[in-house]
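In the two assemblies presented below, subunit A is common to both, partnered first by subunit B and then by subunit C.
For the complex of A and B:
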């Protein structure tokens, strides 16, 4: 029985091959657009989040409860966490963590001064967490926490008219709000994606920074990297519970609320996009089925008169629709894969560089075709497509045989 | 005329032979049109706001800067005699500007002159360590002219508590609310500024906080620090120099003209460069372009899907009438007439879709124009692009008609194939066709 339904449906489709082909192309274009567009957007946003997370914050950060509102030197925490927190930090969910001194400071060369954020880091742990160690273009990264060399961004060396091996002066405040200043020698220059980073951050050894600022054993933040930026909830809760009420523990979605929101908006937008494309498709789909049924009113009437059950008529029309959807979707998926495939090496968007930087996007776009998105696109089209075709199918199955037979 | 009438009536009746099919095809068009009308209005409304809000913050429409200051921002790259130059520019640009109004009554000229004049202000900028009693932060201090700054920038209007700077020499400073919180200072508290002057010398000043601004954007509220220009020049050993002359045109469309005139006045000062807003905020135009690009990709897909839908409908309606067409052709009707009939049928459908789409779309946009549009996350996104949390889309004929017109054109285009097929139709075979 099922085999017959299938064969009838299949043959009915190809009675009017032009119409069927146009419909197949429409469905394929729709599916392609869904997958292609989503892959581009995912690529952009994911890269943006990954870059941003790598630049500084990590996935989760621990601070003094007052630090984020008042990023002052006195709002510091112990450099070496102990007890349960240490156990959690060294646990399996956490890839790396690093303690940092983080204060606002002024950097001056003989000719210029700039306000910057001074980070005192332990190179051993820091290189696992942030990008800087891997982006040194001149000199080398810090040797250890006692290293009092200073690592600055390429752009900053230009504006300060200084360079590797030169001395600069850093000025900040100690916990008693006395101005402290000291000369440092530039031992490394890093390159970053954006000029704001190259101009805004300066690195030195954590112990050297503590000695300079007069805060031995104290740091301002612990940055933690987990398994992936989307799977942080468990790790975040564990750290939060272990840290207790004396610390503020925040995930990156809250530390950089723009990025966190972007990710959510993007997820929502993908669904909206799928729905819009599907709706535009569905008019054509329903139309095609309505036509196909209209042409066969007499035939359907005859089938009903001969004793074919209405359910079978319904099933046959649904199967027709499923065949259309299935082959359209198949083609669409294939074309999507074929068009995304050659773009895997990245699309160069550097002509829009500054505009993309404003969004926080990188200039090279790597489309990401994820199984979830492809699955969602197909499920949306197939399931909603079947629901949309129910309406003409139910109508057809309810024909009165005699009325249908005499219809011209 | 009569024939036209017959063609039209035929086309109209043909459409309603299959009301369900026609309605479904119309539905696809109306759906696409509504989406296009709403999205395009929203987009352009957003772009306008983005440009306006960003430029009115600090950028202005044009800026005179010393050579390379835009990239390097060094304190030594200053404009000598900045205020004199600004006065010249103010006089010349506005005098020339007023020539355009010749013929209008003088009184009219005076009242409109205030809004229509080119606004100009001078600023100096320097990095300094700002210290309060128990906090210190590195900041970018700006020296501004209290009488001219409010005309070119929206910052003075953002004063939340206290007042804006009163006098060019007063020892006063206005700071952003986040900076005030971080420095733990309030109105009437003193701030010490320490930095280096124009000549590399040690620069220091003690000044009183007289106003606190709040924009709601954390980054901006952390960075605003404005003091009177003359005090700035004394503190940082600037002499009569400054770093930028900001020019604000009455309207974005005047910028090009003003830029040409201002450039003429700067010709004898080769060390100075005139930058326009696109130069100063390259991200702004590009982010709009990038957004437009991805939006048009989506619109393109939508329009293609609708066009396929129309193509299918028209092809069907032509195929099922093969026999009928055979008969009328054998009676002497030319394929061209028949083709026009098919295109007219599509055009009628297209016009109906266009009208319904624009009507409903305009209704929605107008409704949104009154109540504003917001979506989850808009708040955060807005802060990134200087947008309010609620957007009131623009209603202009161009934006309303643009999308639907393209849909209409695509519709007509997709009826070409079914219409042209008629030329290959053999009347005798067509009459024998099944159906």
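For the complex of A and C:
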């Protein structure tokens, strides 16, 4: 029985080669479009999020409870966490973490001054959580926490008309609201993707910053990097529980709610895109099946007359559509893989999108084909495709044998 | 016991405003193993009666009994089962599944019945020879003449050894020698297996084989005459 269902389905498919091929191509293109476009969109958003998280930096941050509302120097926390929090931070779910001093300051050269954010960091841990250590283009990054050299962005050296080895003055406030200032020597210049970063952030050793500001042993944030920006829930909860009520612990989705929302919207958009492609595709599929069945009314009538049960007719048509969907999807997946693979090294958009860089977006797009997206695309097409073909199949199985037999 | 029993069958067709009579109070009893010819001018109601007997069409009123079971009020699925296992059909037109070869068409009913492949092949090979289609087993219907297609249909109808064979113009498209061969096959099946045959025909050659001739006119049974087959 199964054998005859498959034999009939298969032969009927190849009865009109051209129509079947067109349908296969349609399904393949549909699946390809789903996977390929999604890979591009994912690549774009993920890159954006990763860049943004590196600037933040970290997937989760710990602060003084008042710091986010009022980033005042006094809203500081212990530089070295202890107890359970330390255990969690050194646990398996956390890739790296780093304590940082973070205050607003003014930087002045002989000619210009700018307001910036001064970061006091420990180079040993900082290089694992933020972008800057790997982006030094002149000089070198800090040696240790005591290093009182200053690392500035390339753009800032231009606006301040200064450069590597030159001295600049940094001015800020100590915990008693007294102005503190000090000369620093530029020992490194970094190149970020974006000018805003290059102009906005300045780095020095954590101890050097504490001494300068008069806050020994205190920092303003602990930046934590987990296994991936999408899988932070467990790690975030663990850190939050360990930190207790005296700290504010927030995931990146809340620290940068714009990006967090964007990621959610993106996930929804992928589904909408899938549905749009599928709808276009299902019209073709149902149409093809309806035509294919209309051509065969008489033989369906014949089979029913000979005593074939309506369910078998239904099954045969469903098998036909499953074959179409399966081979179409197979081709689509293959083509998607073949077209995405050569693009793994990134698509350079800089010539089309000069403005992007200004907004903090990098101009190289890396398509990302995820197992989940490929799986969803295939499940959407296969399952909904089968549901769509139920309609013509059920109609065919309800024919009256005699009426079908005499139809011409 | 009668194998086929029709009581007061009426069937009308409506085509727009016109009403056409297909069957008009037809009652007939056909016993197990009978060999009956339905004879009528075109439009006389032969096909309509065969369809009612085979459970392919529901009469407007009246009863149809097959092997002691009333079938005119049976559900679709039960009817399909009954047709599959009890009746061999040769239809007036459009008999074969175009995507299957001659052999596959012949084996189709057996395959749906679930008869094992080896058994099927043995029986289809034997019947292919009997209906004179050796060498054509792998052809599809489109590559066969009308007569050859007709013989495939007949082979399919009888290969599963049904209780009843309903054949609508089985010898149309056949030359006399093939027609004779086919009728001999029917007769031997009728003798050896006590298969009931109801054959609608215009063909004088076919009528000669019948032991009972039922003449219809305008959907009524006009004459019902026993005869000595040749």
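Following the convention adopted for this analysis, the second predicted complex is superposed on the first by the 398 of 408 C-alpha atoms of A that agree within 3 Å, B and C clash if a C-alpha of one lies under 4 Å from a C-alpha of the other, contacts with A are read in each partner's own complex, and residues count from 1 in each chain.
Rule of thumb we're sticking to: contacts are C-beta pairs under 8 Å (C-beta built on N, C-alpha and C of every residue); 3 or more make two chains touch, one makes a residue touch a chain.
Nothing here was measured: the structure is a model prediction, and the numbers come from that model.
First (subunit B), second (subunit C), both or neither: which does A:37 touch?
Only subunit B; A:37 stays clear of subunit C.
Taking the superposition as given, does A:303 touch the first partner, subunit B, the second, subunit C, both, or neither?
A:303 sits against subunit C, while subunit B stays out of touch.
Looking only at subunit A, is it subunit B or subunit C that touches more of its residues?
Looking at subunit A, the partner in contact with more of its residues is B.
According to the stated criteria, A:214 is in contact with first (subunit B), second (subunit C), both, or neither; which is it?
neither
Now for A:280: first (subunit B), second (subunit C), both, or neither, which partner does it touch?
Touch partner of A:280: subunit B, not subunit C.
Which of the two partners, first being subunit B and second being subunit C, lies in contact with A:163: first, second, both, or neither?
Neither subunit B nor subunit C is touched by A:163.
If you stack the two complexes on chain A, which partner ends up touching A:200: first (subunit B), second (subunit C), both, or neither?
A:200 contacts neither subunit B nor subunit C.
Taking the superposition as given, does A:15 touch the first partner, subunit B, the second, subunit C, both, or neither?
Once the two structures are laid over each other on A, A:15 reaches subunit C alone.
Do subunit B and subunit C land on any of the same subunit A residues, and which?
None.
Can you list the subunit B residues touching subunit A in their complex?
Going by the criterion above, the answer is residues 18, 20-21, 24-25, 27-28, 31-32, 35, 72-76, 127-129, 131, 133-140, 181-182, 184, 194-196, 200, 282-290, 294, 297-298, 301-302, 304-306, 308-309, 311-313, 315-316, 319-320, 375-377, 379-381, 383-385, 435.
Given the complex with subunit A, which residues does subunit C contribute to the contact?
Residues 51, 54, 56-57, 76-77, 80-85, 87, 89, 91, 93-100, 104, 108-109, 111-112, 114.
Which residues, counting only subunit A, touch subunit B once they are in their complex?
Those in contact with subunit B are residues 16, 18-19, 22-23, 25-26, 29-30, 33, 37, 40-41, 69-72, 104-106, 108, 110-116, 158-159, 161, 171-173, 177, 179, 257-258, 260-262, 264-265, 268, 273, 276-277, 279-281, 283-284, 286-288, 290-291, 294-295, 349, 351-360.
List the residues on subunit A that touch subunit C in their complex, please.
For subunit A paired with subunit C, touching residues are 1, 3-4, 7-8, 11-12, 15, 298-299, 302-310, 312, 400-402, 405-406.
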